[in-house]
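Shared between the two complexes below is chain A, which pairs with chain B and chain C, respectively.
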Partner chain A sequence: MNKSADTSQPFILFELDHTTYGIPSDMVQQMEMVEQITPVPNSPSFVVGVVFSRGQVIPAIDLRVRFGFGKIAYTLRSRLIVINTNERTVGLIVDTAREFVSIPAQTIQPSPEGISSLSGKYLAGIATLGERVILILNVSELLVLPELVSERSP
Partner chain B sequence: MSSPTESNNFFNEFLDDYFAECEEHLAVVRRELLALESCMNQPQIEGSILNELFRSFHSIKGLSAMVGVREAEKLAHQMESYLRSLRDGQISLKPEGFDALMSGTQILERAIGAYRTKEDPPDIDEIISQLEACNPPVVAKTPTAAITPFEVKLKPEEKKRLEALVSEGKQIWHFVFTPSTELSKQGIGVNAIREQLQAIGELIYVSPRLNANQKILFDFILATQEAENHDLGSELKYLTGEPYQIPSPVSEANSGSSNLKVEPPREPEAPATAEAPGEVEAIGTVVNRTESERKESEERTETAPAPAEVLETSEAETSNNISPAKSTSPLISGSNLVRVDLPKLDELMRMVGELVITRARLEENLKNLPPSFPAARRRTLQEINLTLERQLRDLRQGVMQVRLVPIAEIFARMQFVVRDLMRLTGKQVALEISGAETEIDKFVVERMMDPLLHLVRNAVSHGIELTEERLKAGKSAMGAIALRASTAGEMVIIEIEDDGQGVDIYRVLKRAKQQGLLSDSVSETNDPDNYDSQTILDLLCSSGFSTKEEADLASGRGVGMAIVKNTVQELGGCVKFTTKKGKGSHFIIDLPLTLAITDALIVEVSGQTFAIPESSIQEVLSVEHKGIIRLEDQEIISYRGHVFPLRYLARLFNCVVTTDESEKLTIVVIGNSVNSTGLVVNRILGLREIVVRPLTDPFLQSPGIAGATELGDGRVVLILDVSTLISSKIPKIIKPQQFINSG
Partner chain C sequence: MGKKSKNQKKADNGYLEAANFQNFSASEEREKLKLEMVEIRENADRVNTVAIAIAKIAKQVSEGAESQLQLLDRTSNGINQMNKSLGETSLQAESVASSTEELVSSVNEMAASIEQVSASSAALATAVRQTVTSIQESTSNTTRVAANAQEMATSATQVIASMTQMTTSIRNVSDDTENLTVSVNQTASSMEEMTSSIGGVANNADDLTAASEETSASINEMAASIEEVSATIENLASTVEEVSTSIEEIAQSVQGVANNAEQITEVATDSATSAEQLDHSIQSINGLTQKANEITRAVGVDADKGGKTIEKAIQGLARVRESMVKSADVMRDMGKRTNEISTIVDTINLISERTNLLSLNASIEAARAGEAGRGFAVVAEEIRNLADRAAQATFDIAAIIKALQSVVQDAVSTSNDGLRIAEESGTLAEDGLSGLKQILGGVEQTTQLMNQIAIASQEQLTAGQRVVTAINTTATQAKEVAIATHEQAKTTQGIVQSTRHMRQIAQQVTQAMGEQARAARDVIKAAQNTNNLAGQIRKATFEQNKGAQQIMQAVESMRRGVISTNRALAEQSTAGEQISKESERLSQLITNVTRSMTEQSSSANQISQAVESIQTQSEQVAKAMEEQSRAVQEMNLATRSIAKQIALIRTSNLDHSEVSSNLLARIDELQTIAKNNSSGVHKTHETAQGLLSHTQALMEVLKVGI
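Our next item is the complex of A and B:
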């Protein structure tokens, strides 16, 4: 594989609140329906609980909560995206997820300085595919542990 | 024969085996050095210790020579010589000698490690001179010219193929290639040679072996068209070679030299060292070697002059005679041991775990058979179920046993660590080890290595005071660190205790407030006595926490303690800690012996299901509300003469408490006779065998939760951490919970 500027990377797209986000598909282990989440007491507010995935117990993170959006009831379209990075396996709960696209590297811009909101810091960049705007997630930022002190229950 | 990639894989596996074997030998060395240290002051050192050490270094030397790790080979050779002299009683062991052995082992380890990570090897000149100084001068023995011939041992299929080729009119050649660093720098290695040979004919046989000088060479048997080449020797100038004749069956029993001519390449330099017969180590690959070894010892011929040039750097071999020790062949163990990859054992454990769950489901279904089901048949089924349970338990035990190794592996390393630190800090420390033979799961050993090393380093760097300080405080000049391991039921207990200065709780609290780890509302008073040691431990273990002292080179930057706690928790264990200023600190680490399976009581709390490990349960009570006594903000209960506090699990876990005033309370009493707590639950659902799965993700670290399991329906059930629930105070870092009483 050549490493020239016009390589495309495959991404999995999902939606939160009608906004489309992208995650590199090599991080994605599998996608599942949302069911049977066991709550874990005293865990961070965005950790809905734990699920079993391939023999491993992993946390299920509600991305809406993580980004500061309101939590909604899960529907048949909600998905749990199981991602694998840096020895951690984690499940992300999203509104819907069903697209695979290849995003050429040159269509991705770094996220503008102006975005200072909570969800802004989880962005690695913004891609434009024609008319579509896709927010590229910064996964490692997502998985950073909250400080003991700053964690407040909502 | 095989493609270049296959031979690459072969060589890589060869290398993996090399590292694994060396590590095993080094583990033996560390263990024996530990034993050696303790009997150093006695007049007679146990011979077996010296012998084990000698054999280990001898093996490492041979292995390193095969692979070409020169520094390791030279150093191992020096260590081996020193140990031979000790073993034969030529010299006695002095403290400097022991130090040299210790340093030598460490440097040897580094030399092997450097080869693996492709870094520059450590400098060995200093340690070599150190060792030479300990060893008496050696009398150089005149080497004899015995270079025994080597007979290629072909498999039946290979021989058949050769015979077929000969009848087709092909020429058979036997080539010998001796690799060297010079040649490999030019890109000429065994694979290149093989490719060259394959280009001109059919390779029937390729194999490495060790020659009389412990050098590795490769034998090739090649078949070519007769017409093509008549003088292969000059074309392939890095090989020695000549025509090969297939030995006839009769002559195998007693080959004269007329059948085979074999050319071991002549060393351009100094004469070969004398090798008594039967010493060449077996190379345990491809073909079995034992017969060739035997033959080598039986026959003797003079060296024929090598026809082609052989470029080779020779090493200055010392002229020490190598006595015929019984060395085990490197890659094929002569003993009854099998080396198994840990992942295979993990897989076995996992499969046993699944069996356990399936059997539990069977049992559930059996219980739920309709009453109309014929009783006799039901009994039979239940009896089969019980048998199955017993057999599974035995199987589980068996697999567990396979995974157990003595903790001595870890403890032996601590010696080295302590010595290094003593040198670095100038403190005097005596390490006392007990229970080294205690066996724990190999996986646990691997994971606990770093945390335990960290705790020991901590004890030396921060615990034990400098000698003057100790004397001033009225303590002995020599500080003491005790490492203990023991089993108690299903748990392994590892202790690290030092008699140093203890932890300054006041400093820790101050620092914690500075770093914002204690919110102001909580720290009403600065009185250290208000905080029990467990809380202090939690503070010390918060990632990022560090007092000035923590951040020094010997211990690391405030990350170490957090790793200790996390690792122990991940393994399903817990860390307890007591400290007394001026007196010392004591860490107690409890680890489950079995990682995977345990019996648990399944309970329901406010609609949620939890599992409580059966081993921590004393009994289950049903108590009227009026039996509860209120004492300040606690509820306690008196039962059969014992008094213990009540804990509402619902409250702890932020659930709504749904117990009714009118009903009786179901209480699960946990703990031991000294320290009990009653957990209030809604219902008992049953007793089950569960497979414990750790909650490893940092997002899931919740006090009171030890792990998770699954009861067969795919839903996760959390397992309670009994030790947290027993402690008399909930750590103050956690904000007090609100609760709502319904009904």
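Our next item is the complex of A and C:
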């Protein structure tokens, strides 16, 4: 039971380029290791292909490419985070995802003004967990794809 | 291991909760989790066994390294011993070299003394030759003198014959003069009877004339014979002069021979002393060769010992090599096991990652389930913790394994180095062994040469002794020759004196003959007077009438003349007898001289023979010296070759020393490598122990987990 007022919410923490990000766990359907990706031709650069998992075909997005970092090789620690929002299921490829923590709501601060305009739409806020800084991702914004934009805009 | 710990209880609870939980995906997750845990456990078991195996291997390797160290120590000791024996061999080779040098110098001295003896023998030979020629001259002189003496003897006999003839003719004259006296007396008596018969006087005067003519003829014969005798005696005098001069020459030549004999004696004495020196040097050489022989034998024994030590060292190195190979194999084995561990660790890593993923998924599902999934969420949390710890453990294990692998790699490379160095040491030791064998061969050759030198110097000794005896014989013979020539000289002096006497006698005879001639002329004059008187008497018979007194006076003066003629004839007779006696004495002296000449001749022959034998002896001595010279040259060559051999032995000894010091350096390197190896193996052992404890902890944890 999630109460965003004074209780903590469970987050899945993952790392991208030594930066810790977090997404709420209720958005996460499952987590897999990055194994067999079937590339799809003529797709945007951050869409590396599709993955078959639990009887489902899930598109895989490389979050590093999405965020503009360089693409690196997939290791044993690379994870595919399958998120499920707005009736859409997408897989996010991250460097590593090993933690499931409950973050109290009061520790989450909104993102500062300076960065809101550029990548701020991706950040729902910034949480502090002890000494650590965790960037909370806005998953819905993440799932806005260019063709969807073109779809949406009439 | 049978106790239920807190974790185990939790795990049991979690299991129950998981069993109560109805979500399909969660149960699937549960199943997967169970399987994964079982796998983890199995893998942990495997890791445990492998870690135990590694520990065993590390222990074996450690023991092997220890035994290697011991082997290396022993080998090092062996090589130190070898070094010492090499040093001793080197010292002995040097002492052999110095003895050989002494030998060479003694041989050179011997050669010098041989040359001296040769020179003395050559001088001796020339002196002998001179003596031979002088003796030959004196022999020829003696033969000449003998011939002259023969001539003198014949002349003397001729003189005697002439003297007898003269005596007979004088006697004839004496007889005739007596006849004349008788006739004169008859004439005188007839004169007194003259008056009686002039006819008888005339006959008597004719008789007288005939008688006085006969007397005159015989007196002429006497004069002629006296002239012959005088001539013969002059010949004799000249012959005596010749003989005298020849004998003086003989005396000079004999003196010369005596001087030569003195020189020969001196030379022979010198040769004797040189021969003694030669004898001394040969004996000293003998002693030196004996010493050198002993030294060479000792060197051979030491080289043998050195060879055996090197063989032991080679065996030790072979054993070291074997142990190195074994430790290399063990290292490789360990490397393989660590690789196996690596793969297992990778599997464990994968499992822990999957476990983590599963736990996250479980947490997500539990969160989605809300209140009902709280218990499950806790279990999932625990599982995640476990997975993290497993991941940490595998990370540590991976680091340890990497360290282990690098240690194994170092150990393999160092053992390869060690192997290479052991092989190099092996080849060095074999080189050393071949060098020692060469030394042994050189020592054997030197021993053979020493034996040959010993035999040669023995022969030299006997030959030198023979030479000494020959020279001594020559010296004594030369002394005898000197004595003989001295005696010869004395005899010759006696002969000289006899010839002087002979000269004096010849002069006296000549004087006597001169007086004889004068007396003969007086006689002739008296005979002529008598002839004249007889003529006058004949005239007077034709002048009978002139006076019987004149006839008587004439007869008286005739008588007086006859008497003086008698006296002169008597004197002549005595002088002739004296001359006869002197001629007999001369004849005896001549026979004496002839005898002494023959004696001289025979003694000269003896001397000649003695000198010939001396000559032959000196020739022999010269030949012996030549042989000695040759022998000395051979000895020189032999000693030079020995010196070369010894120089070779020295150089191979030096090479050997270098080789053995190289060996020692290598073995030091080997020792340090083995020590490093040993420490590495110890580290590995400790690491294996750490690994073992880690895996045991992991196993405990995993057992709790299930």
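One rule holds in what follows: the second predicted complex is superposed on the first by the 137 of 154 C-alpha atoms of A that agree within 3 Å, B and C clash if a C-alpha of one lies under 4 Å from a C-alpha of the other, contacts with A are read in each partner's own complex, and residues count from 1 in each chain.
Methods note: a residue touches a chain if its C-beta (ideal position, glycine included) is under 8 Å from a C-beta of that chain, and two chains touch if they have at least 3 such contacts.
Here the structure is a predicted model, which is why all the values come from computation and not from measurement.
Three-chain overlay on chain A, with chain B and chain C fitting side by side and no clash. In the superposition on chain A, contact of A:Gln30 is made with chain C only, not with chain B.
Residue contacts after overlaying the shared chain place A:Phe100 against chain C, while chain B stays out of touching range. By the document's definition of touching, of the two partners only chain C reaches A:Arg77; chain B does not.
Touch criterion met: A:Val51 reaches chain B, while chain C stays clear of it. Within the superposed three-chain model, A:Pro59 lies in touch with chain B and out of touch with chain C [touch as defined at top]. Measured by the number of chain A residues touched, the leading partner among chain B and chain C is B.
Of the two partner chains placed around the shared chain by superposition, chain C is the only one that A:Pro10 touches, whereas chain B remains out of contact.
Of the two partner chains, chain B is the only one touched by A:Thr38; chain C is not.
Superposition on the common chain A brings chain B within a closest Cα-Cα distance of 16 Å of chain C. If you check the complex, the residues on chain C that touch chain A are 349-350, 353-354, 356-357, 359-361, 363-364, 367-368, 370-371, 380-381, 384, 388. Here chain A touches chain C in the complex through residues 1, 10, 12, 25-26, 28-33, 76-77, 79, 97-98, 100, going by the rule given at the top.
Interface residues of chain B facing chain A in the complex, by the touch rule stated above, are 350, 516-517, 519, 542-543, 608, 652-655, 693-695, 697-700, 702-705, 707-708, 710, 714-718, 733-734.
Interface of chain A with chain B (complex): residues 36, 38-44, 47, 49-52, 55-59, 61, 88-90, 143, 145, 148-149.
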